[in-house]
Amino acid sequence: MAAGGNFFEDFRLGQVLEHGPPRTITTGDAALYTALYGSRFAPQCADTAAKALGLHRAPLDDLLVFHMVFGKSVPDISLNAVANLGYAQGRFLKPVYPGVTIAAASKVIGLKENANRQTGVVYVETTGRDDTGEAILTYVRWVMVRKRDPESVVSPATVPDLAANVAPADLKVPAPDIVRLPAALGGEGPAFADLKAGGRIDHGDGMTVEEAEHMLATRLYHNTARVHFNQHAEAKGRFGKRIVYGGHVISIARALSFNGLATAWFIAGINGGRHVNPCFAGDTVYAWTQVLETHTHPASPGTGLLRLRTIATKDHPCSEFPGPGASGTYPPYVILDLDYWAAMARH
Amino acid sequence: MAAGGNFFEDFRLGQVLEHGPPRTITTGDAALYTALYGSRFAPQCADTAAKALGLHRAPLDDLLVFHMVFGKSVPDISLNAVANLGYAQGRFLKPVYPGVTIAAASKVIGLKENANRQTGVVYVETTGRDDTGEAILTYVRWVMVRKRDPESVVSPATVPDLAANVAPADLKVPAPDIVRLPAALGGEGPAFADLKAGGRIDHGDGMTVEEAEHMLATRLYHNTARVHFNQHAEAKGRFGKRIVYGGHVISIARALSFNGLATAWFIAGINGGRHVNPCFAGDTVYAWTQVLETHTHPASPGTGLLRLRTIATKDHPCSEFPGPGASGTYPPYVILDLDYWAAMARH
Amino acid sequence: MAAGGNFFEDFRLGQVLEHGPPRTITTGDAALYTALYGSRFAPQCADTAAKALGLHRAPLDDLLVFHMVFGKSVPDISLNAVANLGYAQGRFLKPVYPGVTIAAASKVIGLKENANRQTGVVYVETTGRDDTGEAILTYVRWVMVRKRDPESVVSPATVPDLAANVAPADLKVPAPDIVRLPAALGGEGPAFADLKAGGRIDHGDGMTVEEAEHMLATRLYHNTARVHFNQHAEAKGRFGKRIVYGGHVISIARALSFNGLATAWFIAGINGGRHVNPCFAGDTVYAWTQVLETHTHPASPGTGLLRLRTIATKDHPCSEFPGPGASGTYPPYVILDLDYWAAMARH
């Protein structure tokens, strides 16, 4: 880890960066996650529900694990980032339980200088591992990183070939047996058969973000990106204020999606995601979701897979399903466009 | 659980609503509770103090359990509530320890349409159970709920006959042996014999509420009532701002009551409670308590019972014991009038 | 514990005050500590790193333990304090793990009335113990406390003879074997040999403080000092607003010091500390550190000791190492001057 973080010219294709220190995730972290987002999906909230699915106990929320792994990578990858451009090929590989210590590492899989020579795009494949060394999560992200010196000469561009989405066969089954649970165990919500491709769900509620909340979250994740924490510096910056960590918006949108997707219990993969406009404290986040595809898991006939596109907005309710216009341009109130796989009971 | 919540005409007398998903409560939730209120009662703070009373370890704060059970009921009972009118017949039935998974259900015990036909009052008896199925808490609350359609015709009114207070013989003993502990274990505070009916205690301190705090609390409890979270919508609402969950005020008042009632360790019952004015972020909460009655527990001669009336105010210190005037009208700065039973050592 | 706290004339030389109730510290408290400060030192964050050093699991952050012990003492010692004047002779005596119940007691070791007779300085030696009764932390602090009655006559002044710093031989080794860990376990950071007396490190980042954050922290520590919580009263007070607990600033500065001191894993002692100006919500805290001395631990040749002086500022970056001027006067933006011992691997 370079003091002051890495600049574009510090990265080399194929380089592997170990993101120490590791982090033991506990029920304390899980409680904070609940307090920050109010997520209510049954297996992550209740040991009883988790055990009824064959899990040892309530696993950590998939996005808490994602943020922890992501946070570990920030000091090495994106401390000098101008923008977090996108995610792809995300796969959640096994349930993570309280008490597990995670470590993360990233491999540089692409580098492309921008025409202005001030910045370049760094593509990394980041992997989180538990304390047995097994991979728990892997994803690709790309970020625009400042050059230390615009004049420095860098290698020719290499851009990785990224899949438009994770193939169903490559998704892991998060629970041995995803069965429909009785209502008292949290089984209420839509049946898989009712969630058809093309269907759209307004998640209804809105959640206002406070400075204290997004900073508590982002520190919990060991994410050290400066734009989130330092009002004294940001007052003179691009927006005049702190920017909310994009992952905070993802977690709010996912928690809101309980309204309408209460049984879409697990996130199995992330196909793509873009933070299309910034979110600030004081903004109220709303969200809606479109079902893009539905599948039976190729290796697990009891598991239904939902490919979902969730759009989050700020200060703009989602009853009319706002999104990019015909031109592909996002209105300024759309802040997130996320494409992910959820796993749920097929029956 | 109906999408968008139940309206008045959706409830039927005798109906039982199971409030899934359940919720495993952990030491993480307990730590957040401490951070939110600063509660310092010995048995809930220290395993050593709890064990000296014959408990397995520090139990969860009684009000944390109450809020968790209450929160579970919100999506089914009060999502379309105009006002939370009152509580009665609350009984805390056994100590709840970290690791327990609670589930809640409510039975509709009364329904009464209002004269304007826009709303009606729903009376429910809510019970929280642990993962062995044993009841840990039961209470009645009544809420004013909007009708979906003012024109819909509903059944004749049924109003339950509610006790003015829980009888001492119906209160459970929270610890096998409530003994006075040495000072080093948290035993300092008033003796039972010093707390006489009619006595009044100003709890002295004031606590200012922040938006981030009441939202963290309310999400932690899985309480989804919209008025607490959505500034974008509430800006156009009744008060122009988010309303603090009434239970947040109860917990602040209870934590403040440590000043003067440090040995009133357990809440055994809730006789009644009303949120007589709203609380908003920025308000400073003060509280005072009057001892209404004292008893020896009929089945447990070592246990003293205190019937306490706690009044909480906003931006108004309690050195002059403010309350409703002779007319029964509350001044606008009184926000809570709570009547509860505490259990403590008699000797 | 006197209702309303002790005044200067309530203290007697040699008096021992037991600060009940005790407090069980859990992984929930540790998670909140991480969310509040973002501290990333490896042994406290990761069980794997801690075990590689011969510890049972990740111990609690040394400053979390300090704040918990300090908080316990507030109701007895400093509820009527005008100012917290300083710390000395602090020693962290053994690692504290989640699940331990701490209790604290203070001995009055000095008393000195001020010339104006309105206030006096109380010196106490505070000791925290775990549930086996073993001391985990001891330190001296002195506070200026109001007199109940300026006219009351008090004993002649006794001022304790305090060491300018804790001698290296009196510091405890926090881990059986402090070895350099591999990068994947959090071993990245400066080598002991690179940290030379006289060296100065700008910790770079700034952290803005919110009201909700410092109040969550201060309640978590059971610190009841009124100036931190009551905006209604403080609006008419000295500054017109709530004051941030000084220990909150120490923890921010320590967390920021990871930038440049990532391997200075343990706090072994506190030589002295002064909160030279107040910190308020909205302030952005920066910090820098000077290495004052380096030693090999006399009884543990593998352990390097760093005597560090950390200066924290508000709304003032530390790239030019601000501190007191030649006259010893602190500029108004300097808020903390702390002198402490850190322990790290020598090789």
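Going by the order they are written in, the chains are A, B and C; count residues from 1 in each one.
Here, a residue touches a chain if its C-beta (ideal position, glycine included) is under 8 Å from a C-beta of that chain, and two chains touch if they have at least 3 such contacts.
These figures come from a predicted structure and were not determined experimentally.
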- Message: If I list every residue number at the interface of chain A and chain B, are over half of them used by both copies, so same, or under half, so different?
- Response: different
- In steps of 5 degrees, what rotation angle do you get fitting chain A onto chain C on the CA atoms? 120
- Message: Need the CA-centroid distance for the pair chain A / chain B, whole Å please.
- Response: 36
- Junction residues of chain C - those touching two or more other chains: 26-29, 31-32, 210-212, 216
- Item | chain A-facing residues of chain B, complex | 1, 3-4, 18, 20-24, 26-29, 31-32, 99, 101, 103, 105, 131, 210-213, 215-220, 222, 224, 226, 229-233, 242
- Item | Residues of chain B that touch chain C when the two form their complex | 26-32, 34-38, 40-42, 45-49, 57-58, 181-188, 204-208, 210-213, 216, 259-260, 262, 282, 284, 315, 317
